[in-house]
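What follows is chain A paired twice: with chain B in the first complex and chain C in the second.
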Partner chain A sequence: MDSPLLPHGVKRCSTWAFFFWTLPWLALLAWGGLSAFLCLWKGLNQTNMSNVFAFALWIVFDLAVIALGAGAFFTGFLTYIMGQKELKNIIKPAVIIGFICYSGAMAMLGIDIGQPIRGWFIFWHANIHSMLVEVSFCITCYLMVLAIEFIPIILENRKLEEIKELRIFGHSLHEIMAVFAATGTFLSFFHQGSLGGMFGVMYARPFAAREGFYIWPWTFFLFVLSAIACGPCFTILCTKLTEFFSRKKLVPDSAIQLLAKISAWLLSLYMVLKIADYLGWMYGIIPRSGLTFESFFREGPYGVYLVVCEIIVCGILPAIILMVPKGRQNQGWLIIACLLNCTGIVLNRFLFIVVTLAIPVMPFDRFWGYLPTWQEWGIGFAVIGYGFLLFSAAYRYLPIFPKERELNPITE
Partner chain B sequence: MTPFSFEWQWNIEYMIFFGLLYIALGIIGIGIIVTVIRTGLQALGFMRERHF
Partner chain C sequence: MKKGNDHGKHKYGMVIDIDKCTGCGTCMVACAAENNVSVRADQSDKERTITWMRLYKISNGKEFPHTEVSYFPRPCMHCDHHPPCVSVCVATATKLDFNTGIVSQIYTRCIGCRYCQAACPYGARYFNWWDAFPQDKGMDRYLTPEVSPRMRGVVEKCTFCHHRLMRAKTLAYAEDRRELEEGEYVTACTEACPAQAITFGDLNNPEHEVSKLIKHPFTFRLLERIGTEPKVYYHSSRDWVRKLGDNFLPGEYTPVVNKTWAEEEWSTKPGRDEF
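After this line comes the complex of A and B, so read on.
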């Protein structure tokens, strides 16, 4: 039915099979739509957020997807600025994943602020000393950059390419893509960093507070490093998932291996600095606050196991697997390492957001528990549904893997 | 006050913050304008179309 829209020389499933594939993702979107409607209509009382948990599940999702989407800017930086031509085989899926992550995060923030109609206040009445304002400005600008990077990919659609003006526009955009990639790198560096800096400057909450360099706490640099370490792994995971469902090889091993190797070095560096950061925090900031490391985990379900899991299981272990050539060349180990790496970053964001707020600060404070409502889960899962839908549609209708035809010749 | 900030103050912090923002927005805007002009010139035959 939609065969005129499919790329030349590649095989796709039938329209009906594609329709049934989209149903679970549409269901997630419907759940999210209902949740969003309730939150906008009745207010944020539909959530379990409170004056204590002003940051909750949505912000964990936001920070996690923004870190996972860092593969877009970092792969763009490596491809267009550092001249790693091999990565041209994976840059398009990386851009689409980045676009999905950032647009999903922005949509979720639109509900999170409670009154989206006043969302523009943050731009109009900018408090320039707020890290969150810098994040808002950079994320908005970077979403524009991602949209610009996505346009030439959309214009490569078989039918759209037949229109001369659109084809020329796509090619012209492609020609100056290095400029947009450089702008995206600049914007991403600052918003990834400021997201971390936002927690590091919470001096009244010793669980998150950190020292640093000039106005930037160490978390500023650690968040940038963790994002560029896990972003490429998330791109690899999405590519492998597409290969699994399409039962095809879509990206040459050389591109995947290069990305995995770069990720390995970055993750190893991040682990060294993160461990140094933890030690400096445990023996510096915590004692000076009159507390001990164990005192943070006296109440509630959160324990030292979360830190152990973040550093050893989801940090050092994937770094070793990715660093050893035989480890990353084995498909199973590569996927496990990428999964662990991405889980580690989500866990890191969870620790900084939820655990920081749950831990009592004053002697008269108590431990605060938080469990999201179905409306909060609904909006979180809607982003996943949206991501699957958009990526599936992009794979079906656009030639996002340049080597697909070469790697999967059609035998009549 | 400027058209883009009610609370604008003439100090270095505002200039750096908004300066960097306007540079980023400027690059994005100029990039798009240049692309549209090149597209127009190529579509009308004043420039040779390039393929990738």
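After this line comes the complex of A and C, so read on.
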């Protein structure tokens, strides 16, 4: 039915099959839409956030998708600036994933603030000392960059390509992609960092507070590093998922292996620095505040097992698997390692957000726990639904995998 | 930083005598009524109710008959120099006034991102989860005209009854005075406390009672070690109370023992309370 829109020389499922495929994701979007409506209409009392958990599920989701979406800027940086031509095979899906993650995060933030119509105050009354201002500025600009990077990909659609002006426009954009890749890298470095800085600067919360370099707490650098360590893994996961559902090979192994190898090195470096950071904090900030590491996990649902998981199971383990060539060349191990790596980074964000707030600072206060409401889950899952929809539509209608035709010749 | 109409730099602060506090909660009620704090029919969800002034019950944790109980009334500490909540605010909606030491909050500018709440270790900041104050049933007639009610979706906190400072200043200017006398500006909780446990005044003015009280060895602040520099001080003769004011590693806390009260001599040797 929609065959004139499909890319040349590739096989796609029938329109009906595609329609049924979109239904579950549309359902998630509907759930999210209802939740968003309730939150905007009735207020944030629809959530289980509280004066204790001022930040909760949504901020965890935001930070998680922004970290995972780092694959976009980092792959762009490697492709256009470091000249890793091999990665041209995966740059387009990486950009689309980045766009999905960032636009999803922005939409969630719009609902998360108590006064969404005052959102522009961040720019108008900007407090330049606030890390969150830096985050907002850079994310907004970077989303625009991502949109610009997305445009030439959209213009490659078969029907749109037929229009001469659009084709020329798309190609000229392609030519200057390096400029946008560089801008994106610059912006991403700062907002990924500031997202970490946000927590490191909370000097009155010893669980999150960190020392640092000049105005930047160590979390600033650790967040950048962890984002570029897990971003490529998330890009690999999304590609593998597409390959699984479309039942064909889409990206040559060399590109995947290159990303995995880069991820391995970055993750290893991150683990070394993260462990150093933990130790510095355990022997510096914590005793100086009159506390011990154990005192943070004395009560409540969030135990020390979270830290063990973050460092060992979801940090050191995937770093080893990805580092060993035999490990990353094995499909199963590669996917497990990527999954663990991404989980580890999400766990890290969870610790900085939810666990920081659950731990009382005043000695006579109590530990707290938090469970999200269905409205909170709804908005979180809607971002996932949106991601699946946009990505599958992009896969269906745009030639986002340049090697697809070569790897899957149509025989008849 | 000096304004033309304000001579000298003030630093308003408060000393709360824990030994006098009976935990009656009058300060909480007075504060809420004075500052138009929103209420709901069901106030049982304590994670989401608004209590600018909040009483924390503390205990020495000992078995009967050695159990002792006390209360920490906790307003905003009006942290000095670099309050954790101020530098983080995205929209410059909260500010430390260097002329008064008061940490203010601009409700109409707050976007409700709640970063400041996350940054405050005292839990002194409250978000408006629901629409403001019940407007029906004529309850709006009980509002204080000098204090603006807050809309849904913004953060609010203790202001040291800033409007009372404005009122006192207006009065003084009308009488052609440029300086306030001690006691002309006090907060609602100070005024309401039946046990007179709260003393309020200018910490920078050596004549004011508060600036004398804060020099007393029994006076301490909450979480002094993390460097927030609160302008709210507490006073207690009991070591276990003072020890609960901050986090200490074993052996770090040195009890203050008044051995010869008559001679006003202070010693740090272990005495009545042992730890």
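Please note the rule applied: the second predicted complex is superposed on the first by the 412 of 412 C-alpha atoms of A that agree within 3 Å, B and C clash if a C-alpha of one lies under 4 Å from a C-alpha of the other, contacts with A are read in each partner's own complex, and residues count from 1 in each chain.
Going forward, a residue touches a chain if its C-beta (ideal position, glycine included) is under 8 Å from a C-beta of that chain, and two chains touch if they have at least 3 such contacts.
If you're wondering where the values come from, they're calculated on a predicted model, not measured in any experiment.
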item: Chain B versus chain C as contact partner of A:329, first or second or both or neither; value: neither
item: Partner chain in contact with A:14 - chain B first, chain C second, else both or neither; value: neither
item: First (chain B), second (chain C), both or neither touched by A:164; value: first
item: Contacts of A:129 with chain B and chain C, given as first, second, both or neither; value: both
item: First, second, both or neither for A:198, with chain B first and chain C second; value: second
item: Touched partner set for A:357, first chain B, second chain C, both or neither; value: second
item: Partner chain(s) touched by A:254 [first = chain B, second = chain C, both, neither]; value: neither
item: Superposed model, chain A: greater residue contact from chain B or chain C; value: C
item: Chain B and chain C footprints on chain A, overlapping residues; value: 124-127, 129
item: Interface residues, chain C side, partner chain A - complex; value: 45, 47-48, 56, 58, 72, 84, 87-93, 109-115, 117-123, 125-131, 151-155, 222-223, 225-228, 244-249, 252
item: Chain A-facing residues of chain B, complex; value: 4-7, 13-14, 17-18, 21, 24-25, 27-28, 31-32, 34-36, 38-39, 42-43, 49-52
item: For the chain A and chain C complex, residues of the former touching the latter; value: 43-45, 49-55, 112-115, 118-119, 121-122, 124-127, 129-133, 136, 198, 201-206, 287-292, 295, 356-357, 361-365, 368
item: In the complex with chain B, residue positions of chain A that touch it; value: 124-129, 134, 137, 141, 144-145, 148, 164-165, 168-169, 171-176, 179-180, 183, 186-187
